[in-house]
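Note that the chains take the letters A, B, C and D in the order they are written out, and that residue 1 is the start of every chain.
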């Protein structure tokens, strides 16, 4: 594969992820509506909503600082970057070495810090509340995520996502008990990081419980749209990351263009299932009290660390 | 053993006896008298050693002893207690029988310590070193158990006597210049003690050293 | 070499000149600090050069008879000189503005102590014999002690100074004893002689422990850290920056120099000791930082945390050396040294930012601040950069060194020892946790101090300023900008730094990183091999910036750029005041909840009939209860017993000499 | 000739001042006499450095690098203290604490004390050494009680009794020494001369010598202030006039230690080294540790620094006890820097308590604000005495600690604890006195701070640079005793 095609593929994949991400959001919402016996909204509703928001005039609080206006773009940029390095369809991503799993966690952390700061910028009590809760979730979710990824990194001897996925996908089938632990931990982190039940509820605006929504309360119009879009990409990135790590079969190896169509289909199926699963999980679980969020996440962290230890234990 | 050696040994025994007597003595005047008698014994032994060995400077030492320790210092002490009007009985911190027992133990210890050394002595009076050490330690003990300033000073002077005895009997005397220096120190020391008695008396209205226990860590 | 010496002499000359009050206080006010910065820059350049050049040595005709002062400039020393020069240059520039309105007397003293402090740090790094090292080391402590107690009328500052110098001195004695072991009664005290010492494993381990805890006391390592959160905030801000940014690094230098270079023969058990202490220090530092509302104190606790992170890198490196894996060991050492440099840069920046706030508003309690970004936009920007860097967020420098530390931990599978192999990732987990907590803490700091609405005190300070902006002057801005740029440079060009640090590893360990790591192009940071891991901050930031620009452009192009301003949405509560914002304490509350048992909390709840109810919560360090106070009590108890020796009764005193005599006589027989 | 000058000047000065010591210009005469002594000592030193060791007056006096070094140090500190005592005693007179008659006593005794010090150092005769040391007690005991307060009388009484009794034990040691030497050298004056004793030290009877050493150690050790023979020391330092505290700490303790070291060298010739060395190390260590714990509960400023003297004498005793060229070098250096530093501290302490009218540390505050020179002097002096580089005390402690670490590692934990406790104590008490809100008043006379800073400068220089001739001198002396 020449560099040019590689870069082209890289750009295309990023674009693909960015464009398709809201669709996944729509799908999850739709599944959830089905499960809850509601009339499901259109699959494309996220796109409509964003288009509407882009058209509106932005209203910004009087005392907002430049940071407040910059943040949506930073979030969007971060998520785009994340989308660029997670192997979605194929592991041939020439730019992926620019950021390995640790950097990926760093990207998410960067985004989180910016959104928390922006939330505190206006100085309303809700902003501060949201920022504090978000950071509380983050401080446990982030290391748990990192440990999960480390488990995979230890198995594959690399922290490059592409290498990890290559190793995990194209090898003889082998049961890794450590990966099981890691997968559970990853799922828990995914729920927490993407503001899903049981940690947060993406559809609520109840002061006592909201986390993510409290942070973006002051945003409107195009800023809000970018944030929503970034959130969608984030969910997509997490899902594809989980798939790549724990269900990697079907992903195209480097240079294996012929496998690409199959990879697209496999990804579609896997994402649809994962989205439905997420909706199912969200419908089954109740939201935790905020106090319990640290417990939930420390459980995730412990599981991830255990998984890592398990790796050494089993390998002897 | 030559006659002079026998006499010196006798005097040494006397010295030790006086040491014990001082330890047991309750009356201050008697204490001074005992101290003077100790000086006499000391001078006598020095004379005999001088005679026996022909060391000329020991005659001088003997004369010095008589002048200083038999006459001058007791006289000064007499004057002092007259002037300060102190004639009370001497009080001790530990009762006298106990003190005596400790004293006997000390004497035995001193003999035991001195015996191996005495074997080496070339002098006619080899056994006196232990007695000298014993009387030094007894004087030390006396200083510890007395609670008034004057007896304490007498204890110190008695200790000096013991040392002097050690010097003359065990080694035929120190070089003259040293002995002169020591004598000068003792003299000046006695005068300073005298000055102190007045100052202390002035400040504390008493020569009881229990008044002087203010400087301490608390 | 002579250049470095000239810089030191220049600093000393500046110190004396400040004291002499040339032309009134003009010299100290206008010339001393800029000239000091110039000398620092020269020193940085010399240090950088030394990384390439062969080691140079020199002796000065001073010192002990038979032991002239030995100076030695090798890559390790060069690196730390570079750190010292580069960071202190910025701080000196900043200080020129900061101290400009001090009273002449104070200024003269500050000028003296500040430059002596700098010179002694440089001498610590250059010293090549135990004596000069100790002299410079303690002079450094002494100079910084006097700087800490500049405002000595405050009892709290005095007690901070006391604690600081006491622990520093104890540490110094421990270091001295380590040198004593290394000396072993042969040769002189030059490092060359100490290096040649052949020690039994027992004695080398004792030397290691003495050196580790001796230097650790200076570095603020657990459990000898108690002075740090007291002393660093007490000093004037440029001095705090210097202490946190540079002085703590001399302790790291000392550790590396003594343990790697002089003691040698590293054992993996030592590495584990370092790792355990490092992990404890890291978590302790960040958890206590989260509880602080005094900005400088908070930063001081973060210094403790970062020392812990450096120790984690060092410890891993020592474990790898002990098991005979030089490449992995080199990686750990590089991570530690890289973090040393990074921490110097961003912590100095943050302290300078805190200094600007203190200087212009007089505030140091976060709960009084708020909205400062509007009045101090420049400071806010630099502080934000520092905050992002310390939070280990890509693409800034803090991330690179933590990334390298993680990569070191990921080398664990090469180890043969099963237990140690599975322990290393646990330390990595500690680091991950600490990193996330740091991010939380700095969201709190930045958010509460700079963002939001100004709280009452901040509002009053804003009003008091004659013109709208109360930002720091040009000197201060240059100083902070310098460090902020350094945060970016160190973050964006890590592979260049990697090459430099690799030279130190080659010099110290006899081996560096594998070829693959060194020969990859300058864009890519590769710790061991490209297949294993790589990171390219340049691409990283390019992508983000490009996306931001394209998005912003696209949104404006295809939609519009219209913005309306309005009051913030009040959610239906009409009364919204600045007091309703989250305070720094509130931000830390959930952490206090989660990690409750780690803190010693003293709560005071007001009663129901309290006319002026106030809820008071004080967080104290448990180490005081189980270490410092018992030691103090023990000393008190012993001295009470010893005092019984001196009860004032002369008979007893006589008895002592009598008994001494008797006992000795018995003993002789 | 120089020896006669060194001895004659203070003796003559003492006699002269006994007549005119109450005059207004007596302090200047005192200082001048001390200056002359110092000049003579410098001449003597130059002579010894040029010509090597010598004896004089029928071998009654002798000079070698060891004692000439102490003579020079003694004369120097005596001179600077005399300079300090000029304004100090004037202020005391101004405050009405002393009258003209007592000043006469003071000045005369000051010179006589110097004389006894020099005499004990220069004398070749152990007996004369003893006489001179007792003379030192006699000449200073009335100075300790100069103020005639109950406390000062008590202190002087204890000083007198304890030191006299102590030194009486030393006399017994001298007699034993003579007893042993007589058999080898024969009776007569030469049996007590150091030079002769050294010449035959291998042949002396070991049992007698070991006994003699015990008596000498207990005797002279009392004057050194070794624990548990130290009890007189804090009282005497705290209650006497400050110049006397300075010379007691700066001179007397050194000279007493000199006597101990001389005896040790002699005994080492006949006995196993570890005997005397072990005893000295034990006493030294005990002194260091006990003094450190005493330090932490002091309230009186002079008393505290007196305990610090005990601690430092302990360090020196320990160093000499270890023996060997490095440790002996360190011990000598420590003598020098301790004398200089401690006397400098007492100078500032004297003025500080005059300015505040109290010796209680709780009431001395903020010196640095009120009178910066006193404040800085006290701060730097205390830090120097605590062994902070670049001051010279650190240099010697560096050598002692590192030598101890590899030769007697068991001792280092004690030293570590003691130095730490002492640091916490002195530093913790010094800091509030120096810093904080000032309480001091003004002094009626300008304080004497040249001596303070002269001493501190020398100590500072010794910390970073020991001139070759000085180092050579120390080396020679260390070889004599190591």
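Things worth noting here:
The rule is simple: contacts are C-beta pairs under 8 Å (C-beta built on N, C-alpha and C of every residue); 3 or more make two chains touch, one makes a residue touch a chain.
Owing to the predicted nature of the structure, the values given are computational and were not obtained by experimental measurement.
Leaving out chain C, the touch network of the other chains consists of the groups A | B, D. With each centre defined as the average position of its C-alpha atoms, the distance from chain A to chain C rounds to 35 Å.
Separation between the centroids of chain C and chain D, computed from CA atoms only, is 43 Å.
Distance between chain B and chain D, defined via averaged C-alpha coordinates, is recorded as 31 Å. Separating the centre of chain A from that of chain B, both taken as means of CA atoms, is a distance of 100 Å. Multi-chain contact residues of chain B (touching two or more other chains) are listed as 113, 140, 143, 152, 209, 212-215, 217.
Residue positions of chain C touching 2 or more other chains, listed in rising order: 643, 645-646, 650, 654, 661, 665. Multi-chain contact residues, meaning those touching two or more other chains, occur in chain D at positions 157-158, 161, 165, 211, 234, 294, 297. Every pair of chains that touch is listed here: A-C, B-C, B-D, C-D. Chain D meets chain C in the complex at residues 157-158, 161-162, 165-166, 169, 210-211, 214-215, 217-218, 222, 227-229, 231-232, 234, 279, 290, 293-297, 366, 368, 383, 386-390, 394-395, 398-399, 401-407, 409, 412, 416, 419-421, 423-424, 427-428, 431-432, 435-437, 463-466, 468, 471-472, 474-475. Across the complex, chain D is touched by residues 61-66, 130-131, 134-139, 141-142, 149, 152-153, 155, 158, 161-162, 165-166, 169-170, 173-174, 176-177, 179-181, 183-185, 189, 635-636, 638-643, 645-646, 650, 653-654, 656-657, 660-661, 664-665, 668 of chain C.
Chain contact summary for the complex, chain D toward chain B: residues 60, 125, 127-128, 130-132, 134-135, 138, 141-142, 145, 148-151, 153-158, 160-161, 164-165, 168, 171-172, 174-176, 178-179, 182-183, 187-189, 191-192, 205, 207-208, 211, 234-235, 238-239, 294, 297. Those residues of chain B that touch chain D in the complex are listed here as 55, 113, 116-117, 120-122, 129, 133, 136, 140, 143, 149, 152, 156, 159-160, 163, 166-167, 170-172, 174-178, 181-182, 184-185, 188-189, 192-193, 195-196, 199-200, 203-204, 209, 212-215, 217.
Considering their complex, residues 643-651, 654-655, 658, 661-662, 665, 669 of chain C touch chain B.
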